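Note that the chains take the letters A, B, C and D in the order they are written out, and that residue 1 is the start of every chain.
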């Protein structure tokens, strides 16, 4: 189920990346792909009926189905923060591009795409 | 119950993503992207990942939207001069 | 025409990913025993309870004693994700922090300046005065999140982001406010240096980089799990200073 | 069910009722300022009531819920006032039924 949601979101992101001529729209498509991939990786570690991976007083029922898998969560925690760095750097670059070329359209820039 | 909520969240995310890609104004697009991030927080909670959920809520939905809005505001400010 | 090609490519990608779904295990049907060790799953907050439970099940008690008696890699953290992120994948986190630093450095090189960019917004009395009350509380909340990172959900990265949100609030409330580049740079650099020094201390004492050399205490206490809360405090302050510097760069101009 | 759980759940139901009133106001009110007023006032009361109900029903959460109430009381009115001011400065006209506009001509801060 969640696999389907994230794959459809990735498809929408790729579609936006291919069709939109505005650079800011392409950055937003990249952000959508980022979120979708994170959802996909978390879904790969979900165990039906599992608990959140935090030790509490009650001991988990024996092994199978005790926790969800904590390793994808740690990886996604890294991926989210790096995504912020990438998107902020992209936004800063776009501010400069706008100052230089006066617009963000890929096909109307001087010296680009001709 | 949980499955129905997950399906609803997926529907909202898909509609918001299509709107974010196809909207005419970039401001609408940024807000729709933030909606996608916020609903994905619910998916993370449904998949028992509270750590990722709190990080996505503060970093992905909060800071990225703020940075995009500030960058957009700078661009708009440059337009009027 | 362009849209048609885009739809075709996106549909091809979706078809490829859906056929790939046959390889990964189905949603929710993962056998966790094949992924992690059993002693990892058998830790508990209350020691006595766990022993009784194991005795009642007729299982061997050796593993549970090993968990409480010796140091193993996940020692002391109640939150497993934290123990993965800052205990035995800590070198990875050091690289992640470096990537974030590089991104903030890039933003500073592209947009940075020494003067506050003014938009000519009118000052708002209510917002400015309430921001003065709120900002210390927000910073306190961020500190709470990253100090309790090994017990509750949260940790250094969301805590640092909340601190950066306080800086963003100050920028929105006051047209004159400008965070000095020196202060954020000094805080960030010293915290990154302390992280590396903690790793080198582990190398000197335990034999490998970022070894958890402090006593680990009991699972669930605030002062437990060795250097994990200390390292998370470093990460939280570093990320907060970095993102505050990033927001400062976005609000500044040359001149 | 002990008395404190009962009291807490009654408070939670009252909070849900206030949320419902806030949602109704969002639909029924004519312009953005009235909607902000409905959305903020009703949901602030609803949050107070719900969080206090949780704190009374489960006493370990009482202090945390009081802190949350203090936070909400600080942030919610400020956010609402800033939103209203921003929409006024952006040129959103109030509904024609409005009689008094004290904000016209700038503020006196």
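Heads up, the rule we're going with is that contacts are C-beta pairs under 8 Å (C-beta built on N, C-alpha and C of every residue); 3 or more make two chains touch, one makes a residue touch a chain.
Being a predicted model, the structure only gives us computed values, none of them experimental.
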Chain hops separating chain D from chain B, counting only touching neighbours: 2
Identity of the chain that, by mean CA position, is farthest from chain B: D
Cα-centroid distance, chain A relative to chain D, in whole angstrom: 33
Separation of chain A from chain C, taking each centre as the mean of its C-alpha atoms, in whole Å: 17
Cα-centroid distance, chain A relative to chain B, in whole angstrom: 10
Interchain centroid distance [CA atoms averaged], chain B/chain C, Å: 21
Where chain B touches two or more other chains, by residue: 50-52, 55, 59, 63, 67, 71, 74
For chain A, residues that touch 2 or more chains besides their own: 1-2, 4, 8, 12, 15, 19, 43, 45-46, 50, 52-54, 73, 77, 80-81, 84, 88, 92, 95
Two or more partner chains touched - positions in chain D: none
Chain pairs in mutual contact under the definition given at the outset: A-B, A-C, B-C, C-D
List of chain D residues in touch with chain C within their complex: 71, 74-75, 78, 81-82, 85, 89, 107, 109
Contacting residues of chain C [partner chain D, same complex]: 122-127, 130, 133-134, 137
Of chain A, residues touching chain C in the complex: 1-4, 7-8, 10-12, 14-15, 18-19, 43-48, 50, 52-57, 59-60, 62-67, 69-71, 73-74, 77-78, 80-82, 84-86, 88-89, 92-93, 95-96
Contact footprint of chain B on chain C as seen in their complex: 79, 81-82, 117, 119, 145, 153-155, 157-158, 161-162, 164-165, 168, 243, 246-247, 250-251
Of all residues in chain A, those that touch chain B in their complex: 1-2, 4-5, 8-9, 12-13, 15-16, 19-20, 22, 24-25, 27-29, 31-32, 35, 38-39, 42-43, 45-46, 50-54, 68, 73, 76-77, 80-81, 83-84, 87-88, 91-92, 94-95, 98-99, 104
